[in-house]
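First chain A sits with chain B, and in the next complex the same chain sits with chain C.
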Partner chain A sequence: MARELAFQTTLEANEAQFKRLVGGQRGAIFRRVPVPDPPGAEILLVFFEIEMDQARLELVVIRPIIEGEIRPDDLPERLPSSTVKMKSVEHALENMFRGKVLLFREGTADVYSIEIAKPPARSITAPETEAGVSGPRESFTEIHVVNLAMLRRRYPGPALRAEEVWIGKEARLEVGIIYLDGYPTDRVLNEVRKRVTQIREDGVQDVTELTEALADRRVSIFPTVFVTERPDTVAHFIKAGRVAVMLDNSPRALIVPALFTDFFTSADDFYEWRPFVVFLRLLRFVAFNIAVPLPALYVAVTTYHLQALPTQLTLSLLAQREGAPLPPPIEAITMTIIFEILREAGVRLPRAIGSTVSIVGGLVIGDAAIRSGLTSPAMVLVVSATAVATFSLPSTTLANAATYYRFFVLALTSMFGFFGLLLGYLVALANLSGMTSLGVPYMTPFFPYRSRHLAAALGTKARPPKHLGATPQPELIRGADDFQERS
Partner chain B sequence: MKRWEISAFQAGWLTAGAVVLTGHALAVTHFMQAGGRDAWISGLINMPLLFLAAWSLYRLRLIFPRDTIVQYLPKVLGVVGYPVAAIYVTFLFGAVLFTLRMTTDWMVDSILPETPALVISGLYMAAVVYAALSGLDVLARINQFTLPLLALLGMTVSVSTMQAKDYRLLFPLLEKGPWPLLSASVLALGFFGETSIMGMYDAYVLPEDRKKLFRAYIFPLLFIVTTFTGPLAGSIATLGHRVAADMPYPTFQHWLMVSYARFFERTDLLAVHQWLAGAYVRSGIFLLMAVHGLYQLFSRTTLQKRLPAKWLIPGAAAALVALSEKAIPSQPVFDTFVLSIYLPTTACLGILLPPLLLAIAWIRGLTRTKRGAQTHGA
Partner chain C sequence: MRKALVVLVAAGLLLLPGCWSRRELTEVSFAGVIGFDWVDDQYLVTIAIHSPGQTPGEKGQPTNRAVWTISEPAPSPDVAFAQIDEILPRSLTLSHVRSVIFGEEMARRGIGPVMDVLLRSVEIRPTAWVGVTNGRASELLAAQPRQGVMTEGPLGYHDAAHNRSSISPARRLTEVAKIMQEEGIDLTLPLFRRANKEAPNPERAHEEGALRPKPEDAFEIVYGGAGVFRGDKLVAWLTPREARGHMWGINRVRHGIVSVGCPKPKKNQRIVFRLRGSSGRATLGTANGQLQGVINVKVVADVNEITCREPVVSPEDTNLLSELLARRVQEYVLASVDIGKREGSDMFGFGQSLFRRAPAAFRSRQAKWDKVLAEMPVTVQVDAQVVRLGQIRRRFRWQEAH
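Let's turn to the complex of A and B:
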């Protein structure tokens, strides 16, 4: 409908047209402002009352016009610098819905939008999901320009590029593609641009909804897009040749390409003593390899391969299981599900209650289950160790992937013992080996093996260089990417 | 088939990973029975022939940089090349069948005695199909993870059983004349002949200098000769050649001897890992190359369009599972298949065929090569 519309040259016609288009909307204001010269002339302002900084509108637009400080002929030179001439009615409507003021003059079809919006916004707060001990303590907000300002403060160099892309068909939203000039390869950058511009969905609420568009596979258990709420983490990743994607209204950023090793990175890694970071990274790899197969390994040993354990331990385990109503596979699956329910309850409830529910629930239910003979202490120990290992993973998406694989491997092991466990592990290996993030092999630098990137993956290069931005450090991605392009 | 490319390094490792299990586990008993005490040197005396075969494959790669062995067989041999290529593709399927049957039997014998073999082989092949469908590059990456781990575990068990070994049992050599050694060597040639699978994917190796490319052919030989000689010598040194020859899985016995203090009384579960990880890569690459060879063999009839890989690979896997269960009803029949058909065919195709092809190519004047090998995708 709006496509066939055009700006009119009279205020009455423009007002009628816009009243037809937005007149029914709550808070839509059509305000005529008298102009002293020529007498009787007027300027029409159209805006949404609730999104407007009324005092500033009064101060920088309405009063100067009424008092003759700004003459209609002076427009838009005397208006704030954010004033933009509208290209079409659709463009004007989009700006109006974005909280800008539309300014119409008599006798001309030139229409301007003035940025005097004051959208509801919260202040900058400390990160919640990526809390760290050291490093900066600020997280993104829902306002893209504020987020961009935070990034520019973290990387105050000319290499930082922030491209603007609009997604959606009707309710368009701004997406920022942020990178350091010359760091990501052209192929990666063009691929990000292409994938983002292809998004046609209206009303995207959070940037995480864009992960599907940015991922190489629509369905994947392991994450291939890194999500962060910390500006400093984004700054570190773009220095490593990655591209950040941000959305207006979303307090998070997506990082692509994201490799398997990236999900073992915590915010503190960038600021801690390097050897300790390497140790922590290795510890997290170990934790991942406990979080996935431990219940399955327990089931395999207690159900199929008791001979692998020392006789004393075997007898002890059998004594513990005396009278247990469920066979170990069912017991393990049940206990793992209960643990996941407790974890979910802890996440959904308010923080103060959530942690109480998790701890008390875990302790009370575990203890009661052992006392009532429903499960064995060894099983509770295994599930608890699995839980702790899962919690030590810095990325929740990776922890979720570990959970999915835990059930997959557990199911296979319950049926086929160690054979099933190994087969599950080999399938996971095949899955991981075949995955890519924006075309970069996901398991780089392990396989394909890249010795010079291995140190970076293990955290030895986690700290920023002394001269921020002085030396491009995109080797990890460039190397992997070069390989991918050749292959 | 999707576009594939791997590095020379990956290709060398992949060949080693694809073949190592045969000499390590699958066919050890046959070598022991044929060679007795002398079995352990059967690999070493084959070295000159192995190098000749590997060098021939390398030279053929330089002559036909864009072709697999199935593609250049007709170019060198003319019309005769087609049936030879068909036999080669059959050998590739045969290798999968051999691995599948051995793996299933071993799983049933060692850890899952009550699970039906069909269930084990079906599940195993389903996992193999998943890997094969992922492509050559993915298999190369899986192998880059599993092969070092296999080597590490192998060295662990070798060191852990050092106390039980009496290396005097390896001597005297040729106690019963040269025939046992020669017969073990012929069998070993069959095993080493499997390395010719490199001819199926060397066309997809990234363009690299000749030195690196040549190393990709030589590395697997050194690796598998070492991993063949070591376990055989170890088995003889630990068990004696008579006992070792009577055991179905002599290398597995080493794992039964290893225990770590009071924590793990038996570490044979790690042997399951070794076997399964080795068999997985091996089955995946042989299955993928067999199907790939089939497509190249029937390229004129556009088989690939009518039967895409996503159907042919699972279909072939299902057929192999059925064959493994029905066509080979007993262990003696399987042994006959291995000794009379599989290993001799492999020896001919893998060790004798490449030098022969190179010689004919020379005679026919096809040997003019350009420096800097080219590559292409499938």
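Let's turn to the complex of A and C:
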């Protein structure tokens, strides 16, 4: 735009300017409302028809003006409380695109926006990807205000802070930074603010797109940002000194800093009987350590370390493998890839067809593969057990990490046997130990070792504390953060 | 610098272990049992190899032999292994060997050289069982027993028998090696007997736990008894009863039954005890300046059966029962002590007991230890407790069978 844009003092000039700017767009309405006093005077309303709650606009703005209840001089005091005076034409345009009504008067450059929008939205539903047995049964929606309301209902205290940051250059979006006052350290909080405000990208569709900006490393196999769709989980995490980042239009929240042990937390952990939670948490650790190395272990014991298994099991495996055409490493890699394809197919397809895929994949292909001698029953068992172990991980991002590492370890083991497996684990451990989430060591409380917080990592203190601030986990984050600062 | 170090460590980790020898499951023959014989002035090594198709796997229970045997004569055991490896279509693996059996000739000649090969092998598990047979090991391995579950071939039941037997001293490879390397103790190995078709011997009718052959079988493997060694050479056999006496002395009896005659002995009238627990210890003491062996045995048992006509169960009779039991145990132990003294085999480890307390005293007698052993008095002290007499308050009445 060559010319400097500014509000004009006449309705005609303003209308002409805005028609030039948005006039060609579908649904852009320029409506002149006659004012009874002085006769012949008018007020100009500019808005997008499709986003508007027409009935309410009529009731709250248009009729009172026509009937003289609201005189132009009374503006904006008599308008709804969400009415805001516009600073610039750009500001006005942005508000208009966000579904607000712009109000122009004759003889003044003061322009107001009124929030009477009725954006398309779906209602609150039960969580789908984080389904639980106990606990609340609602998940976030795409409307940030609604999400915030849900959070405020879960934590109706003054300590809950929801900061507003706008990201993007042209099509800006609201990002909420939510935390409990005094819980996260200043360093963590400032870091979150800094990283969020640095996002310049326009048209971000989901909050998970911000993961990269919030993570300490651009490329990392293990997730360092926790994603949840449950308001209660966010409430629990912010009580544990974490910061939640939410985006308008996105039904999910990001939680930082996120530690390795957080990804073994399921929504039910906060509500179940604690000793059982500990058991489940340990079970998930075990499942992770099955999901990553099991195919590799199978390859190692059938290819390199024939003495490692009990005799009966060895002979049973041998009997199954008689006549198998592919060597174990190729067989394992092939079967694992086929499983991943089946899983992908099942996820993408509509639910009704998805079950067909699992039947065809699991039963028909699996059975046919064994019968035709292409693979051994033990291999199918190994791949199935791996799949089940992967599915038992509560976090899909962690499950994805497990899948990556499975191939990595499998490749190493195919070449070097148990030494490859060990090497793979050492690499993973080195990687994990060096990772941080917003500067907090990722493997806390194992490294740096915090004996007092081991119990928390195992889930014994996962429940909300009896007294506000008595929870050990903010200390955990603070303690680990201090460590970072000291070192 | 740091990258170079990482590369160096990774390269070292990958190249130094030398684990490039990839061997797939289907390229390997798994040996289950190894038998060693001495035939025609050379070793005859027999290996029972698992036949995977007959192992219960995909197809359920096997129908044929689950193992087959292969024998090779050679001037040394290891040469025999190499020859068998060459004959076999798949490479021979000893990592799943569960038992090692010595034939009688081999054992009498000395098992030292074979043990040397076995212990040097990186494949053979030190937990493999070791036994001896009174014929040829090759024949024993080829035998098809009824008791052995077919999956395992002739020695399938030995794992179980080893663990629960009280009539044969089960030994693992490491234990055999330890005994053979220590001073003042001699080896005993469990006896696997290939019994030919024969009628049950009435004389052995009361030998507890002995597996007797069925008349319809061509032959059967009988587990029970022991081979007594002096150094690495087999010198005598122990019957199951004597073997149990020996096992009491070395604290190896855990359960089993002991049957004794009635106070007024009459045919087919007995008292049978079931052991609840037992312990034993052989030590060396001195009496009147002379070495004296002492074997202490403690036995706790329940009464399982009383077919005596005269009353034996009353408060006073509990002592009587204990005495009967103690006397019986003493007989068993003394029977094995006598064989040890006769053959000069220190299978209770009296010499070891002396060596540990007074090495010099043992060294001065070591050369003629068999003589010392033969002249040394050995006392057996048995502390027997009878705990449960059963629930019968009054005896059943029955008539004597004629």
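Definition applied: the second predicted complex is superposed on the first by the 472 of 487 C-alpha atoms of A that agree within 3 Å, B and C clash if a C-alpha of one lies under 4 Å from a C-alpha of the other, contacts with A are read in each partner's own complex, and residues count from 1 in each chain.
Convention: a residue touches a chain if its C-beta (ideal position, glycine included) is under 8 Å from a C-beta of that chain, and two chains touch if they have at least 3 such contacts.
The shown structure was predicted, so the numbers you read here are calculated from the model rather than taken from an experiment.
Colleague: Mind checking chain B and chain C on superposed chain A, clash or fit?
Modeller: They clash.
Colleague: Could you tell me if A:7 is touching chain B, chain C, both of them or neither one (first, second, both, neither)?
Modeller: After superposing on A, A:7 lies clear of both chain B and chain C.
Colleague: If we overlay the two complexes on their shared chain A, which of chain B and chain C does A:260 touch? Say first, second, both or neither.
Modeller: The answer is neither, since A:260 touches no partner chain.
Colleague: Would you check which partner chain A:449 touches, where first means chain B only, second means chain C only, and both and neither mean what they say?
Modeller: So A:449 only meets chain B here.
Colleague: Counting only touches as set out at the top, which of chain B and chain C does A:307 meet: first, second, both, neither?
Modeller: Both partners, chain B and chain C.
Colleague: Have a look at where A:140 lands relative to chain B and chain C in the superposition and call it first, second, both or neither.
Modeller: neither
Colleague: May I ask you to decide whether A:423 touches chain B, chain C, both, or neither, giving the answer as first, second, both or neither?
Modeller: So A:423 meets both chain B and chain C here.
Colleague: With both complexes superposed on chain A, which partner does A:179 reach: first (chain B), second (chain C), both or neither?
Modeller: In the superposed model, A:179 contacts neither chain B nor chain C.
Colleague: State whether A:47 touches chain B only (first), chain C only (second), both chains, or neither.
Modeller: Touch partners of A:47: none, neither chain B nor chain C.
Colleague: Hey, what residues of chain A end up touching chain B and chain C alike?
Modeller: On chain A, the overlap between the chain B and chain C contacts is residues 304, 307, 311-312, 416-419, 423.
Colleague: Applying the document's contact rule, which stretches of chain A touch chain C when the two form their complex?
Modeller: Per the touch definition, chain A meets chain C at residues 302-304, 306-307, 311-312, 314-322, 324, 327-328, 377, 416-419, 423.
Colleague: Using the touch definition up top, name the residues of chain A that touch chain B in the complex.
Modeller: Checking each residue of chain A against chain B gives 304-305, 307-313, 416-420, 422-423, 426-427, 429-431, 433-434, 441, 443, 446-449, 486-487.
Colleague: Over in the complex, which chain C residues touch chain A? Could you list them?
Modeller: 10, 13-14, 17, 19-26, 28, 30, 32, 50, 52-53, 55-59, 93, 95-96, 98, 123, 125, 151
Colleague: Across the complex, what residues on chain B touch chain A?
Modeller: Counting only chain B, the residues touching chain A are 4-7, 9-10, 107, 111-112, 115, 120, 123-124, 127, 130-131, 134-135, 137-138, 140-142, 144-146, 206, 262-269, 272-273, 276-277, 280.
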